[in-house]
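In what comes next, chain A is part of two complexes: it sits with chain B in the first one and with chain C in the second one.
Showing the complex of A and B:
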């Protein structure tokens, strides 16, 4: 009996290959976008973990400087002499001909972990490692380090662009003798340990579980990607939901027949569930494969973004990790289950002798409409509530979810109302029929239209966000990069020489001192600047005391960027601990877009007081022509290429980083829109097949097939246009949430919102074009329907 | 990555057991070699000798609590040179490590420390005397009066040591032969410390008194390549006399022995190979191996025939290079207490 039922189930798909394709393709596309994003995230996290494992960041607590990026080695010895079981780490980046390599120096004798001798066969002895110097790096990095006098051992398990070596060797390579970056705290500490504050007040303890700085910084970026993946998946699920609903409606007759033939309901339900499971696994499998290609395509851009924006190294190669392909399959099954559960439930409750006639979808819509309307209002109310409460990032993403789903649920109701209005105003028979028939078709198309609404709104919202960001960013670059030329990346002696040289020639030199630090517990950079009119004329504050620059110049205040202010909960007049016993009130908060780190600026003199050993790593020059400067300096100081950069190059580079950041967003945007277009095409195709009985009488009354086809096309365009109109407010709401809430929480800056009507118009036209293209094929089929087929409708009439 | 790197780095030349226990039999090329007829220069020689490959400051103490419970304490600072001489900062080839232990009749607490030379984390100065690694310290104006501290995750001790007698020299005036092939070390002791102080144990602090014994030894190749380990005894008899004896086990099953008789007044008599006889009487299974924890030790020339029995057979030093070390009770012809160290039991 089971066999017969299976044959009957399979026969449905054989007779409706289009439905089969729609189901598989919809689910596969949804899974592909989701698992592609997951693959990218998994790859990035694996890279962070490799980097963290290299340093024991994930497993052990760390002691890091309260301010600044290093501390004296004596602090380490003092801690050890007080009994603290800690191990020193010094790290920094080493400039090579082919970019920077992160050098990590550690002390193998005190590093916590496996100290027991396990078989190791490499013929590098401790003496070489400790005194001569041996570096460990993966093959690619080892090649880049070939110029070093030290031996480089290839080890594939070292994180990309990183080399491990002894702490002493690393100090020499990085020119940081006597300095350490942080200490790893061993899990076992002896009895009677004095508190850290007494022994090393300049250090603060960071718990192991809090994860690496890179992980924290990039968390919001990955959350954004994940949200996009979910959105794409939701759009895909709309397609699947529509298809499954249709399939089960059409199978009602088959179910009745099978049951009257004696098939138990339970077995039928089980078999249909198994069928759904197998199909969703198949579609999920295809989706995961597609997802792999999506990820492989996008990963280089993501890696470039993460490197450019956060300095996080992500390996460019993609690996098949169980995390994401399993999650891809799981979400495919889950999505299909969600889409099919309602239909299965209806079949289970259907009376055995109920009419086998497929109920028109319109009939089902009656009672459901109120439910749907209620849900839409509720979701939008929740969204508004969250917006007012201004909760955390996760809540804000929930807000986005509520907003989009609420908007999607409201769409058919609003469209229905508009169409009813159209019908009441219609003149003539054909016009009346057009509106009425469109209303009648709305339930069948509504899922596809909802998918389109979501895709459009997302597109609109994200592009508004990105474009607003770009405008602000360009403006910000113009303010910030006011010097004509920048000199950087040269040793401190020559830096001093160049400064003197330039000042003799009457140029204004603006040196910038900088250390990586932690301020108020968050990763930040502390800058020391030579305050002058150039700063006062160009920098724009979000909020500031009127005499902010004067106070900073006098060493009486600090100004901080918006990121630091928001993360640390600082605002004007709050005091900030800058390390070295220096505490200053905040005199201003400035916008600092595109920078993931917190930042604080104090005067050059104050900076020198806290970090006397730091010398400027870069300075700006005003008042000399960049080209002249480059040739003069190049001749006089034998500077390496790239150390003298003019303003426009810096701007171009910054913008390039910016554009790359949103390459992925743009790509996902286009893919989502494509999925929505596919949804409309499939819905129209499916509908056109079952609409013949409705169209045949109209044809019989005198409308030609060509006219009918044109009407079908116009109908699709009208519906798409109405949807596009409704997508505009939804998309703008989305953009507002992204700019005013997500950005603040994820990156720490609030951006002004700009409107781009031309872009919106172009998107609307594109949507209409897509809808027209999608409607064209069903319309052509309509126009070419053989007369005999139309006639047969009457022959078959019961 | 890290675990593997560390593991293989710590293999050192040390675990090469084919070269004698803990690599002590490895070739001494480039290092200074102990020579007969040494002339010691104190207090300078209490300090480190970086041209020799291995050196230790080794304190063992037999202590008793107010209720008469016996305790043993060990404090050892090792210096191991990867290359002869000193270097600046992290480039120093001197590696320091240390072991500390407290043994009670029912428990044995062990801790271990590592440090690089050259940065101040560990070292020894002769005048005033100071030997330290991390917060573990043996320090005083002179070697005659020092405080001794160490701590682990479950114990801590703080002891005051005062010498009641002179330094004693083993072998031929401090030149201690270790094999028939000529391996030797410089070896002297201060076996006459009176001790008082406090042990912090999991059950609370215990005031203790007793005596301690410091061994100073440095060499570059103290074992022959055919020697696999040793059994070392430091026994203090109730008469005030003391006996130091060791048995170096050869891979062919034979042994090389040496002993020093130390009178209560500090007068010494050295005994060469064969005079001291040490026979295992009873094994115990400790840390998965059979280890002799009861011995018969005889020195016929002094009418010594004693049974040496571990206070706590579980005194296994579970450190990077593990061995057995713990306090012992002495019975038979002479009664007393002492310490036993056994290495190279696989």
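Showing the complex of A and C:
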């Protein structure tokens, strides 16, 4: 009996190959985008974990300098002599022909646990590690270090763009002899240790964390990606839901017959569930394979984004990790289950003699519209409540979910009302029929239209956010890059000489002193600047005291960037500990878009007081032509051309980084819109199969097939246009949430919102084009429907 | 003569080549006349009705409607003929599900540009549809739906009405009522009526009775 029932179930798919394709394609596309995003996230997290494991971040307590980015090696010796079980680390970046590589120097004799790559199964002996110098790096990084005199061992477990070596070798490579970056504290320490403040007052102890700094910083970015993946998945599931609903309704007659013939209802439900499970595994498998390609395509851009926004290094290669392909299969089964549960429930409750009504699914959708309206109002109200409460990042994503789902649920009701209005105002007979017939088609098309609304709103909202960000960023670059030329990357002796040389020629020189530090407990950079009219005229504050610049210039206050202010909960007049006993009130908060780190600026004199050994690493020059400057400095100080950069080049580079940062967002936007276009195509094709009995009488009364095809095309365009109009307010609301809430919580800055009417018009036209293309095939099918097929509708013996 | 059919042939593609359905049919029908067309299933009576109504085309022969050769018309021409001169009443009713009773009845008349509100009201009244004018087809019984289909056909004031088993889906009592109403109303308009039927009782009510057997008039 089971075999016979399965044959009967499979026969439906054989008779309706288009439905079979729609189901598989819809679910596979949904799974592809979801598992693609999961693959990217898994790869990035693996890279963070590798970095944390390599560098000891998060696993052990560490001693770091209270100010600055290094301390004398003698401090380490003092601590060891006092009994502290600590291990030295030197880190810094080494410039290669193809960018920078992070060099991490460890001491294999004192490093706790499995941090050191030496020993174990590896063939490198301790002697050569300590004497000759050996570096460990992954294959890609090893290739970039091929020019070094040291041997480079390929080790896939080392984090991307990072090389491990002995602490002494690292000091030589980084030109940091006698300096250390931090100390790793072994978990087991002897009793009776002298307090750290006594032995090494310049160091502070940072407790081990559950995750690395970079993992925490990038969490919001991955949450963003996951949300996008989930949105794409939801769009795909709309296709599957529509198809499953239709398939089950069309099978009602068969179900009734099978039950009449003695198949128990329970057996039937079980077999239909098994069928759904097998099909969803098949579609999920296809989706996971597609997802792999999506991820492989997007990963390089994601890696660039993460480096640009957070300074996080992520491998550009993709590995097959069970976590994402299993989650892909699971979500395919879950999605199909969600889409099919309602239909299975209806079959289970259907009386054995219930009549088979092929259009009952559409009618049922119409009956539930008030329930749907109530849910929409509730969700939108919840979204408004969360917005007013201004809660955390997770709550803000819940807000986005409520907003989008509420908007999508409200769509059919609003469209129904508009179409009813159109019908009441229609003049001609075909116009009246058009509006009435479109209203009747609405339940069958509403899922696809909801998918289109979601895709459009997401597109509109994200593009508004990115474009607003771009405008703000360009404005910000104009403010911040006010010097004509920047000189950087030179040793301290020459820097001092260059400054004097330029000042003699009447140029305004603005040195920038900088140390990496931790301010108010968060990673940050402390800057010392020569405050003057250039700063006062160009920098724009988010919030500041009226005499902020004067206070900073006098060494009486500090200004901080928005990220640091929000992360550390600082605002005007709060006092910030800057290290070295310096504690100043905050006089201003400035926008610092695109910088992953917190930042604080004090006067040059104050900075020199706290860090007397620090010399400027770069300075801006005003009043001299960049080309002349490059040539003069090149001749006088033997500077490489890359050390003197004009303002426009810096801006162009920064903008290029910015554009690449949002490539992945743009790609996901396009993919989601493409899935929505596919949803419309499949819905129209599915509907066209059951439309013939409705259109044949109109044809019989004197409308040509060509006219009917044109009407079908216009219908799709009208519905897409109405959906696009409704997507506008929803997309703008989404943009506002992204700019005013998500950005603040995820990146630490709030951006102003700009409107881009031309972009919206272009997106609207693109949507109409997509709808027209999607409707073209069903319309052509209508125009070419053989007369015999239309007549079959009227055949008495059909 | 309103309708003149001469030597009409028609065949459909079958698994083993063309299957002839009509093999040289001749008939004529004038305004005010009624005619029944009977025959076994597959004898070609519905096909002939479709050809006469401009729904289908001939393989050979001629169909003259008011002197115009229907076979020579292109799709737009045949659509114009169906809009203005012919109305078809189907066994399955084939109402437009998205329009209510009133709009369904007015639909073809408006397509033909001959809407007459008074006549529509009269038809609704005569056919007992007054209480149902704002209902949708799915809310009506079979008999009510067929009355709407008849009203729709008559409201357009066509010169030729074609009915394909108009009472085939109705019970005996309802069928008799509907047939009475249809014949009375057609008589009032002076249109020609051709009815395809299996029912001898229905055929007996027509002026002329024709039988199709294996694609030919017997």
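Everything below uses one rule, namely that the second predicted complex is superposed on the first by the 706 of 798 C-alpha atoms of A that agree within 3 Å, B and C clash if a C-alpha of one lies under 4 Å from a C-alpha of the other, contacts with A are read in each partner's own complex, and residues count from 1 in each chain.
Please note the rule applied: contacts are C-beta pairs under 8 Å (C-beta built on N, C-alpha and C of every residue); 3 or more make two chains touch, one makes a residue touch a chain.
Computed from a prediction, not measured in an experiment: that's the story for all the values here.
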item: First, second, both or neither for A:94, with chain B first and chain C second; value: neither
item: Which superposed partner A:334 touches (first chain B, second chain C, both, neither); value: neither
item: Chain A residues touched by each partner, larger count belonging to chain B or chain C; value: B
item: Partner chain in contact with A:171 - chain B first, chain C second, else both or neither; value: first
item: Touched partner set for A:432, first chain B, second chain C, both or neither; value: second
item: Partner chain in contact with A:440 - chain B first, chain C second, else both or neither; value: second
item: Partner chain in contact with A:46 - chain B first, chain C second, else both or neither; value: neither
item: First, second, both or neither for A:753, with chain B first and chain C second; value: neither
item: First, second, both or neither for A:277, with chain B first and chain C second; value: neither
item: Complex contacts: residues of chain B adjacent to chain A; value: 1-15, 82-83, 87, 89-93, 95, 97, 111, 114-116, 119-121, 132, 134-135, 151-156, 200, 320
item: Residues on chain A engaged by chain C in the complex (per definition of touch); value: 363, 428-430, 432-433, 436-437, 439-440, 693-694, 696-707, 787-788, 790-791, 793-797
item: Footprint of chain A on chain C - complex, ascending; value: 12, 41, 46, 50, 53, 55-57, 75-76, 79-84, 87-88, 90-92, 94-99, 103, 106-108, 110-112, 138, 164-165, 168
item: Residue numbers on chain A that touch chain B, as the complex places them; value: 53-56, 73-74, 76-77, 80-83, 85, 106-111, 113-118, 120-122, 124-127, 129-131, 136, 155, 157-158, 164, 166-169, 171, 177-178, 188-192
